[in-house]
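You will see two complexes here that share subunit A, one where it goes with subunit B and one where it goes with subunit C.
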Partner chain A sequence: MSARATRAWLLSTPALILFAVLLLVPLLMTFLLSFNSFDFYGGIGSDLSLANYAEVLGDSYFYEIFGRTFLIALITTLICAAIGVPQAYILYRMSPLWRSITVLIVIGPLLISVVVRTLGWAILLGNKGVINTALIDIGLIERPIRMMYTSGGIVLALVHVMVPFMILAVWAALQRQDPAVESAAESLGARPATIFFRIVLPQAIPGVLSGSLIVFSLSASAFATPAILGGRRVKVVATTVYDEFLNTLNWPLGAAIAMLLLASVLVVMLSWNRLVERRFGEVFQ
Partner chain B sequence: MRRNGAAAIAFNLVFSLFMLGPIIVVIGVAFTPEGFLEFPPSGISLRWFRAILDNPEFITAAWISLKLGVAAASVATVLAVPAALAIGRGRFAGRDALQALFLSPLMVPTVVLGIAFLRFLSLLGLNGTFTGLMLCHAIIITPFILRLVLASVAGLDRSVEMAAISLGARPLTVFRRVTLPAILPGVIGGWMLAFITSFDELTVTVFIVNPSTTTLPVRLFSHITQTTDPLVASVSAVAILFTVVLMVLVDRLYGLDRLLIGEGKR
Partner chain C sequence: MAFLELHSLTKRFGAITAVEDLTFSVERGSFVSLLGPSGCGKTTTLQMVAGFETPTDGRIVLDGRDLSGVPARERGLGIVFQTYALFAHMTVAENVAFGLEMRKVAKAERTRRIADALDLVHLSHLEDRYPRSMSGGQRQRVALARALVIEPQLLLLDEPLSNLDAKLREEMQLELRRIQREAGVTTLMVTHDQSEALAMSDSIVVMDRGRLRQDATPFDVYEMPQSSFVSRFLGKSNNLAARLGESGPDGAALHCGNVVLHGPKADLPPGPVEIALRPERIALTGPDGGKLRGTVAERVFMGNQWLLRVETEIGDMLVMRYNTGRREADIGETVGLDWNPADIRILPAETNPA
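Right, the complex of A and B next:
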């Protein structure tokens, strides 16, 4: 090994030790745990089998939970892209003063605890919540629309939690483009809509794609929002794992569900990356 | 470039309202004089802010979160800065693997990290301890620091370091007097982002706390899932205020957008 490589490894050693001991080993142990048996009286067994995976993959109850989780993540991603792209473009065109104010408003909530933001949605969406009360008061509806404990309510709150990631990714892509191209299109007589769809959007695509990946994977494994707004009635994978670990105490089954979540998120990420590289490889160069 | 038109300004207004709505509602509810959640509040009362003082478990939890954030961000910074210097300065065998490992906590679903830490710490008998919690948080927040410091290292002018070395400065002096000042904005920005991430963390933490180390997000979460009274709103309002102060500070010092995109200071 060259002197430089030795030095680099020495500099990385402290972090490497922490990550090896407290990240790689625990993940490996959890992987092994997912093959252990569980007995309500005897606790976690030391035998290895595929029984937990067979239980999850053979039960329509779990299919429903996985299906719901990925559907929620997919719809959240689509909505984030649909509203995040125009917002990022608007942000990009703002004067510096307005931009710094708007950044605080639309990106700032990212730094506020997800629990606090979801509490706000719980207050808004309840049967006696702000939205239902207002709609009844102005006479649009007679009885409250049920929004708490529904997948729709979870999607709405998740969009609020995730859309800053989309805006950041698209905005970063827009900042890399050359504003002269837009000016050229304009001076050649292109209308604003044409400029947006023919010049701006194609250049923003890499940002949309990387933003979508972030939003999808975070939504698929989101915990706080579905736990507060969905409770026991609308379960997703993360809340199911939580229940298995801290309520049912069937750790091996919980570990198997978590491993399936990890595997599916990784598969989506890798195939997404591959697709993006094949179709849009040139725009990243 | 053209300015935004009327439609764009209207869109921006609606979008801003959507982003601020839930936050305004939480703050509004906190001022209610009633014993239940109502918005808009029927009057302005500090009743539920005074109630925080009668519920010391929230104050204790806030202290734990504060201490945890400072400790975890500091440990992660001390570990991530040398690693970023190694990774950011040219190729060596295993470099990509190291970088992927240190960024991997961003890729693994947090609930998976939570149960992995729980399994490991409980076998060691360390579950629920402050040290265990701090080390787990350090792992989760390392990627944020690493990205920002890497961006600073990429903008580093090596010739200044070379000049210091040729003038006889020892390696530690070069680091302290030349390298560190040059990457300091990235280090400070990374530390702050790491602190805020740790301070807000719920999904991993909920698995590895015990009643004596319960953090503020976990305390709020378990309170909300049992009952919703205006107390959670007033505690949340204080947390929002604290975050907003930090946010404005970060924005002045570093630029919120660049911090979150993970770019270096220009």
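Right, the complex of A and C next:
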């Protein structure tokens, strides 16, 4: 190893230690925990088996939870893309002053705790919440529409939380493109809509894809939003894990579910990445 | 009436006047360069012709039609951008096809025209490549093919060669001129490179600070500059302040400090003027010959020529000598400078030097 490489390793040691202590060790311990047995009277056993995994994989209840989680994450991702792409384009076309202000507004929500934001949604969505009260007062509806404790409510709030990530990713991709490209298309006779769909959008695709990756994985493992807006009734994987750990106290089962969530999110991310690389590797970097 | 005419074109960005009262015309089929230092308003002028900027004042007339209010996409011009602005997600053939698709050209004709355009720029073998995997010179050709395939009335080039390295740039100058001739397309090129403009154009429009300084053939712009700015911007020039005496039938007397030089007949009234003399028109003689005596202060060998800086009593003079394989005057040597009086250009004194 050259002196240069040695120094590089030495310099990154503190960060590596932090990474190991804070991420790898707990992860490894959770992984080991997922193989232990559990019974209500004896607590956590020290034997190792695949029983917890078998329990999860053999129970349709868990399939439903996993299915719901990924569906919520998928729909959130699609809506984020649908909102984020036009908004990123508008941002890209703004004058510098307005752009700075708008960027601040876009990332502003990220500065507020997810819990606070989600409680805000709870106030809006509840049966006696702002939206329902207003609609009833206007006379549009007679009985409140149920929005709390539904998957739709969770998606709504998740979109609010996640859309900045999509906007920023797409915006970064747009900024990499040559501004003269749009003029070139226009000079060749393209109308604004054609320019957007045939020139701007395809070049922003790598941004949309990486934004989707972030939004999907964060949504699939989100806890606070589904916990507050889904409650007991609409469970997702993260809230199920929480319940296993803190209500049932079945830590090993919770650990197994957590590992399965991690693994499935990883599989989705990696295959997504593969797909993107195969499709766009030649065109973009 | 010329093919393209710019009438008193003016563009202001707030307090900045980028282009001011610019009037010139381009003949059908010719290659005209808009030449000037960076920031003089060349790109802005081109953008107005292209339809991407709206003139503050003045008119642009193309083939008898006033272009005011005609959107860029309906002007039917071919534009090559400085950055080439290729569509990165499309292959070479798809890039070239885009303009034809917008014009709803039928498939069979489209294929034929794409092939012709790629043939013209010698890129037929690369039609399935993506721009990312191409060299600068190749991208440039794609941009050119894409602009030419729509058979534009007018081709606009914004510093088309500035992103290429020096050797490739020289090759592309010839190549670009060949393509322009073969396509027979009227061309307006923007450049800040005087040698490029001289080599490629039928006519050069020299701009400075938003204004037109001279509009003539390359030979005339170089040989008969009408201002100090033009004489210094194109090629190298020795410019000296002088006072013009009365002009006689065989020329004018020019007072440079204590030295009196003879120049050609001038149309200017007697008084302060500027004289310009090209370095390559000066011959070196023995210390006692010539019209001026000086000492070689600096000597640069450039392969095909020598460049010498000679200190004289009226100021430093640059002298260019072709390398004929003989020894050239050394630093510190006293030499005489000689020239033909007709080679001196008498220009109005610059009132506000740049």
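We adopt the following convention: the second predicted complex is superposed on the first by the 282 of 285 C-alpha atoms of A that agree within 3 Å, B and C clash if a C-alpha of one lies under 4 Å from a C-alpha of the other, contacts with A are read in each partner's own complex, and residues count from 1 in each chain.
As a working rule, contacts are C-beta pairs under 8 Å (C-beta built on N, C-alpha and C of every residue); 3 or more make two chains touch, one makes a residue touch a chain.
Just so it is clear, the structure is predicted and the values come from calculations on it, not from any experiment.
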item: Combined model on subunit A where subunit B meets subunit C, clash or fit; value: fit
item: Contacts of A:I199 with subunit B and subunit C, given as first, second, both or neither; value: second
item: Partner chain(s) touched by A:I123 [first = subunit B, second = subunit C, both, neither]; value: first
item: Partner chain(s) touched by A:S187 [first = subunit B, second = subunit C, both, neither]; value: second
item: Which of subunit B and subunit C A:M29 touches, first, second, both or neither; value: first
item: Touched partner set for A:M269, first subunit B, second subunit C, both or neither; value: first
item: Partner chain in contact with A:D178 - subunit B first, subunit C second, else both or neither; value: second
item: Following superposition on chain A: angle at subunit A, subunit B versus subunit C, Cα, nearest 10°; value: 80
item: When both partners are placed on the shared chain, which of subunit B and subunit C touches more of subunit A; value: B
item: Which of subunit B and subunit C A:S2 touches, first, second, both or neither; value: first
item: Overlay on chain A, subunit C to subunit B nearest C-alpha distance, Å; value: 8
item: Residues of subunit A that lie at the interface with subunit B and also at the interface with subunit C; value: 183, 186
item: Residues of subunit C that touch subunit A when the two form their complex; value: 50-52, 72-79, 81-89, 98-99, 102-103, 130, 132-133, 146-147, 150
item: Residues on subunit A engaged by subunit B in the complex (per definition of touch); value: 1-2, 4-5, 7-9, 11-12, 14-16, 18-19, 22-27, 29-30, 33, 83, 86-87, 90, 93-95, 100, 102-124, 126, 130, 157, 160, 163-164, 168, 171-172, 179, 182-183, 186, 192, 217, 220-221, 223-224, 227-228, 231, 237-238, 241-242, 245-246, 251, 254-255, 258-259, 261-262, 265-266, 269
item: Sites on subunit A touched by subunit C in the complex; value: 177-178, 180-181, 183-191, 194, 198-199, 202-203, 205, 282-285
item: Subunit B to subunit A touching residues, read off their complex; value: 1-5, 8, 11-12, 15-16, 18-26, 29, 37, 39, 78-80, 82-83, 85-87, 89-90, 92-95, 98, 101-102, 104-105, 107-113, 115-120, 123, 135-136, 138-139, 142, 196, 199-200, 202-203, 206-207, 216-217, 220-221, 224-225, 228, 232-233, 236, 239-240, 243-244, 246-248, 250-251, 256-257, 260-261, 263
